[in-house]
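Scrolling down, you'll hit the structures one after another.
Heads up, the next two complexes both have subunit A, just with different partners, subunit B and then subunit C.
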Partner chain A sequence: MRVFTGQRAFLLQRLTALVLLAYVAGAAVRLAFGAPLSLGQWRDSAAHPAGAALIALLAAALLLHAWVGVRDVVLDYVKPLGLRVAVLGMVAAALAFLGLWTALILASHAL
Partner chain B sequence: MRFRVYRFNPESGAKPAFQDYEVRLQAADRKVLDALVRIKEADDSVSFRRSCREGVCGSDAMNINGRNALACITALEGLREPVVLAPLPGFPVIRDLIVDMTLFFKHYHEIRPYLVNDEPPPELERLQSPEERDRLNGLYECILCACCTGFCPSYWWNPDKFIGPAGLLQAERFIVDSRDRATAERLAFLDDVYRLYRCRTIMNCTEVCPKGLSPARAIEHIKVQLVRRST
Partner chain C sequence: MLQRSLQGDALAVSGWLRAPAALLAWAAAHHLFAGVRHLLMEAGIGSSLASARRSAYAALIAGAAIGVAALVA
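Up next, the complex of A and B:
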């Protein structure tokens, strides 16, 4: 299996961009026309299974989109193989940490 | 008219520098190439490529006031002075305005710029319908001047691996050709993180093409076909 694929990353970047675009549009409409949410209401929405699923989808799309974008930058600018692997490893670890953190927060609200 | 020309002579050992010229144009001098010829008359050490003088051969592609163009079809009228003439960005400079296009043509050859068809040839020719022929419009006109490739940041970053807009436009020209039988192999070759997918749709290529072509659209079409092939 090829590590650095072209088409898979290309499609992943665009699909996640569509998800992010839908969220941004939805959030803009909500902020423009809806009543402000209190912290308690935000927590309640995150605790609801549907709200948690939406937040998880947003986080996954954001992290995957960031991975492809940063990977592209690294492929362009970081030429030495060892340094490239190290930078990509750090980015992957940071993004995985953020994903795990999000999952833990959602899980703590669901319990 | 005032000009500022990029000068570099590897034999002198001096660093590249811009040199100013004041050119007295003649009545028939209309294009940048005409002015360059005048400069050459005054200073025969200035080096540049040119051939057809009518935008067909693509030899005199260069950076004119920050924008890649063909000197022979770029009008002098309206150019901001001093007119800055530099070699195509992203290409190694051989001397003055002459660049090394070895990698450019290596990529061009990699995409196999010829029809691949092992079927027995017909008695006269491989016919196309008018619709099939129309698909080549906007592709076959490329003169390989490298204006697009030299204006593509993705090519500047990975000139040894990214095919570049000109090469990809040429690849598309053979992918859509109804007489070609190697579409699957061509697409498989291009499905690579460097060869095709370094393109970020910056669209500088389409912006500067002196023939009015759109390499960006051709590249997008290749990507669409790759998606269709894999679904």
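Up next, the complex of A and C:
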């Protein structure tokens, strides 16, 4: 695997951007024209496998998009190798934590 | 936020939270419009200098409009 060629990150950034755009557009349409969601409906939809998968896809797209964006900024501006590795490591840990947390919330809610 | 919303905690933004929330909404909206603009230009749409200028201003204004709406709505 080639590291830092950038094309995979570029494609991942665009792909996740389109996924997020679809969610935002869907949410905006829903907000403008749809009936308000009751707490019960929201809880049921998040407990349903399909609903949980939609939330998981949103979280995955958001975290991967954030990762590529922060990575780009760090690669552009943080030049010392040790510092760069440290910063990227902390960002990766934080995003991984958020992803794991989301998975745990969804899993515990589904039970 | 996901956990709290599933527990039914109110996520309403009011009081002193309104300004920072509107700031975040502005940032997110600006990011979204600028991103869509870049995607369109990568697809070869609106990449002439004149139309790129226009879309740049449109993205700036649309993002700010969302931010203002979040502040006053």
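Here is the rule we use: the second predicted complex is superposed on the first by the 111 of 111 C-alpha atoms of A that agree within 3 Å, B and C clash if a C-alpha of one lies under 4 Å from a C-alpha of the other, contacts with A are read in each partner's own complex, and residues count from 1 in each chain.
By definition in this document, a contact is a pair of C-beta atoms (placed from the backbone, for glycine too) under 8 Å apart; a residue touches a chain by one contact, two chains touch by 3 or more.
Predicted, not measured: the structure shown is a model, and the values here were computed from it.
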| item | value |
| --- | --- |
| Touching partner for A:Ile105 - first (subunit B), second (subunit C), both, neither | second |
| Subunit B versus subunit C as contact partner of A:Ile55, first or second or both or neither | second |
| Which of subunit B and subunit C A:Leu21 touches, first, second, both or neither | second |
| Contacts of A:Leu11 with subunit B and subunit C, given as first, second, both or neither | first |
| Which superposed partner A:Tyr77 touches (first subunit B, second subunit C, both, neither) | first |
| Partner chain(s) touched by A:Gln41 [first = subunit B, second = subunit C, both, neither] | neither |
| Contacting residues of subunit C [partner subunit A, same complex] | 2-3, 5-6, 8, 32, 35-36, 39, 42 |
| Interface residues, subunit A side, partner subunit B - complex | 4-7, 9-11, 72, 75-77 |
| Residues of subunit A that touch subunit C when the two form their complex | 14, 17-18, 21, 24, 39, 42-43, 46, 55, 102, 105, 109 |
| Subunit B - residues contacting subunit A, complex | 154, 157-158, 191-198, 200, 223, 226-227, 230 |
